Amino acid sequence: MYDVRTDLALEAKERAESLSGGTIPGVWTETEREGGITVTRMEIQTEQGAQAIGKMQGNYVTLEVPELRRGDTELQNRVATAFAREFEAFLARIGVGPKTSVMVVGLGNGKVTPDALGPIVVDNLMVTRQFFELMPDQVGEGYRPVSAIAPGVLGTTGIESSDIVLGAVQQAKPELVIAIDALAARSLERVNTTIQIADTGIHPGSGIGNKRKGLTRATLGVPVLAIGVPTVLYASTIVNDAMDMVLEHMKQHTRDTDPLFGVFGTMAGQERLQLVKEVLQPVGHDLLVTPKEIDDFIEDLGNIVASGLNAAMHQAIDTDNVAAYTH
Amino acid sequence: MYDVRTDLALEAKERAESLSGGTIPGVWTETEREGGITVTRMEIQTEQGAQAIGKMQGNYVTLEVPELRRGDTELQNRVATAFAREFEAFLARIGVGPKTSVMVVGLGNGKVTPDALGPIVVDNLMVTRQFFELMPDQVGEGYRPVSAIAPGVLGTTGIESSDIVLGAVQQAKPELVIAIDALAARSLERVNTTIQIADTGIHPGSGIGNKRKGLTRATLGVPVLAIGVPTVLYASTIVNDAMDMVLEHMKQHTRDTDPLFGVFGTMAGQERLQLVKEVLQPVGHDLLVTPKEIDDFIEDLGNIVASGLNAAMHQAIDTDNVAAYTH
Amino acid sequence: MYDVRTDLALEAKERAESLSGGTIPGVWTETEREGGITVTRMEIQTEQGAQAIGKMQGNYVTLEVPELRRGDTELQNRVATAFAREFEAFLARIGVGPKTSVMVVGLGNGKVTPDALGPIVVDNLMVTRQFFELMPDQVGEGYRPVSAIAPGVLGTTGIESSDIVLGAVQQAKPELVIAIDALAARSLERVNTTIQIADTGIHPGSGIGNKRKGLTRATLGVPVLAIGVPTVLYASTIVNDAMDMVLEHMKQHTRDTDPLFGVFGTMAGQERLQLVKEVLQPVGHDLLVTPKEIDDFIEDLGNIVASGLNAAMHQAIDTDNVAAYTH
Amino acid sequence: MYDVRTDLALEAKERAESLSGGTIPGVWTETEREGGITVTRMEIQTEQGAQAIGKMQGNYVTLEVPELRRGDTELQNRVATAFAREFEAFLARIGVGPKTSVMVVGLGNGKVTPDALGPIVVDNLMVTRQFFELMPDQVGEGYRPVSAIAPGVLGTTGIESSDIVLGAVQQAKPELVIAIDALAARSLERVNTTIQIADTGIHPGSGIGNKRKGLTRATLGVPVLAIGVPTVLYASTIVNDAMDMVLEHMKQHTRDTDPLFGVFGTMAGQERLQLVKEVLQPVGHDLLVTPKEIDDFIEDLGNIVASGLNAAMHQAIDTDNVAAYTH
């Protein structure tokens, strides 16, 4: 399995295809483009497909919005609406009804801006479980019981976030968990412009915080959906990715088989990445980096995901005007 | 039981004494004053004492520091040190050894400044449980396993904070819980100048957030110590308290039994408070209020409690220089 | 002049009327009520009126919204719209045209929650001056040049905020200054529920921060409008105000002229306040206090004022949907 | 002049040397290493030197602390002390006496974490000018008048920060301005590990915010010292820098003159950078990026600079224990 770190199944698939030079058996995809938003629905159907890509079997939906970093409010509202619709369809596809109780888990460290997506979503969510518990007769039509926690990170609580979530699940007894997490991508253009939905849960080592334990149906006893947004990438993958592009560019702009990149150009991707890492590690290129404007980006993304979730989870909230329900 | 709301056992006792005109049987106290810090150790020893005061049987230690709102760093360091010593003695008195594992629970809403004491303490605590779990051989001498969570409030999580704590306790299995909470006082002079330690746990209705369930040995299965700082008080108690003082002042400054306050002056405290409430409620005097400078006060108090706790919990941290270990 | 501190002209007038037992000559008012919002337009027309009330000659508009602390988003939007309309009419009345350049000054300390109104408004304002300076041909119709600064407070900058504003005015050369400030009220029900507009500028000693110098046409060379919201009040005025109410209540509920409050009841307001202050000062009742929920209130009020200002200042922004233009 | 963007004179010099293959005439340097801190003092003495390096004539001191990102409190205290000593010596060298009045200017946008260095330093500074103005007789020995402002950025105020500073300087009349700014570096290892002091002022286009006007003796009428810390770098310079390193590494590890990098390897730096930019621009590699942990780094750096400045500016503050005076 190729070891360029990405939490996006779509990137992992692209990478596997580029290495193998063809499509990956056991992986189904379909893509729709509209108004600057590309939606890719993907299913990893076989263990062979999972191995080839390096991601779990299951369903993935990815929204790519290259212009999302421009801070355009109108586009953000359209993305929230598209996300709400995809998520609603996703819930229907896996058989989650409109009354199923949900716990939303905002993973990550709220004091580390690029890792704060989960806590920000939790802060902006319409939480309703307390009304169902305390005054069930007075809850209006079109709502479901929703609770929300931000379990913190091991370094500041001393407890695995998965253990805190398990404890909360055992007490509040939701029928479904939706976990939100900030992710690492392989390519800079996807950072803060992409939202991934998956029904595979959260797996050890994924996300910014490098969880040691996952959040899955096996560990929590209820299905776990994952919503992720890449907010960081490794400096070394920026370099390697860029080298690929430059090499590709030079190949296309030269007539014959000149030794353009020399030995370096003929190295296999794996080998070259190894070299890049070896050279860069001593000078700190193994850092995770994030765009300078991360404060605004994470705030915007948190609002998009929270308002989309509010609309997708509660039938009483109109999917066409999702933004009005976030605070 | 008198219904002027206070979470401070010391105020409840003073009130009970002022009403009954004498000392309360079944309540033991001792007081020490040094360098602007008054420490009162109190034990409510009988059910009769508990009834008279309106607080649970148990041990209470109160630090009163009238000058604490002045923002004097040197005084703050001395208060942290005094708090560390009192808390260490408290632990010893109730038989908690230096290796006992502890979970610190920061109650309250981190986004509501006067209710953020608990979350701020948790943010500044030295958390060590993860090292004991992951690399027990490498933990230095003089530390104990400490974990820390801020469970949020019902209105933003949809789950009782006590349920989240119970879930976390079942997973992390501490032998002792220390719960930090912001409190309501009866007198303005005690707001943001007082720290209370108690071995009674947290009881329903106490603290700013008006918990519906408590945190006690009965609910969590392990002993629960409570650390509280009053940060708010009711506008109506400011008024009633002030009326008492003015009445008292006028009594002392007049020779004979002139009908100074007239009918109002002769009303019993209970009856007068009822009247005050009745008149003020329609115009919103039943609001909880806090001093204008609450941002600075809560930050300072959070640091004092966190650095004091760090020193009291870990023998490796010198009680004489507690401030150095907070971030 | 009566010395209960209030920055609201409306409260000062009420107080003067209650003391004199009648209307104040030289002061004109009109009042409109609709949908839970009371708008009072007031003009202090003579020096005699100004003296009686203790406020400067000039025009004042006050919006009172008793339910504003309930956090009702729909009401907040209506208040922003009402404020925008009143402010637009105010600009028209004093002859400010749609192209006049404006500098908005957010007074107060952004790190002290109840004093952060001005800085929050500045953060949420649509600032356009840079486009008029750098690319005047490309600015759309219906906008005016707006700049915005938050000058900080003397304690953290070492410079009078009025001096920083004067420096900025001399550089940016606006034709009008609009200063936003958090105020002190006399009655708790008006705190965080009232917005005052005035064409008198900001005067020394007003606002939470107790400015030593004012912001007026005399000091800045251009007209200065002031927008203020009371966010604090003195603990001692809560007490005095409450005593008045209780006394009044008792008078109304007794048949004859019983010596209800005794000597205290017959004291003049001035004298009684003096007594209250004398008694309470040693125990810290001269503190300014604010409601516990100040974080939410100040955020909501900042958004109302900012979105109202955006709509009132730029004709291109529809007064009917002011909230859409704040971030 | 080479166009890889860096605000560090030291990097610009290294780059110029690497391109020319030798030392640059007209540039003097000396270097000291102690306890993990490398101090380089540099003077660009001639116009020719300035041209070669692409930086202004003047004095530069650079502190490099490769381990600074580890969050080691003890190292941070030593860096603050070293910075205080270098800055004190710098002040002495350019003839600034102990009573000279100073205005500290915190450039940048406080809401954009990697650009918030200046505002954070201003928040943590010991400001004294108000005492000299209001009660000059009571100011203790060993202090000078210090004021501090954070002028914001053009995008949020509508006014050039240099204009706001000029206005403030004309009002407060300091004899010296010290401007703090977040910078861009060329190499990732210097980001958040380097502090630069210069007596050249702030020049247009420098710093993260790309000022359009500078802050210099010419514009402000008083000398301007600049303190800068690189907190960001361009994704494309990470790539180019890495390619240099990889190429260099491969050269050193091969016996003969194999066409290792092929055509790419033989391109001049300038030409290669152009190619890299051309290829990467469409996919967003011209973003400025910052390490994931920027919240902690900027807080630590702000404290180091503020505490160092406090000690260097006020003789009453002991340079050996600088950290105690920051809040």
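Every chain is named by a letter (A, B, C and D) in the order it is written, and numbering of its residues begins at 1.
Operating definition for what follows: contacts are C-beta pairs under 8 Å (C-beta built on N, C-alpha and C of every residue); 3 or more make two chains touch, one makes a residue touch a chain.
In this text, all values refer to a predicted model and were calculated from it rather than measured experimentally.
Comparing centres built from CA atoms, which chain ends up most distant from chain A?
Greatest centre separation from chain A goes to chain C.
Looking at C-D and A-D, which pair shares more C-beta contacts?
A-D
Can you check how far apart chain A and chain B are, centre to centre, with Cα atoms defining each centre and the answer in Å?
The mean C-alpha positions of chain A and chain B differ by 42 Å.
Measuring from the mean C-alpha position of chain A to the mean C-alpha position of chain D, what distance in angstrom results?
36
How big is the gap, in whole Å, between where the Cα atoms of chain C centre and where those of chain D centre?
Whole-Å distance between the two chain centres: 42.
Which chain D residues sit where two or more other chains touch them?
Those would be 111.
Considering only the defined contacts, which chain D positions touch chain C in the complex?
By the definition above, chain D touches chain C via 111, 122-123, 127-130, 145-152, 154-159, 163-164, 166-172.
Please give the residue numbers of chain D that touch chain A in the complex, ascending.
Contacts found on chain D: 69, 111-115, 187-189, 208, 232, 235-236, 238-239, 242-243, 245-246, 249-250, 258-265, 275-276, 278-280, 283-285, 287-296.
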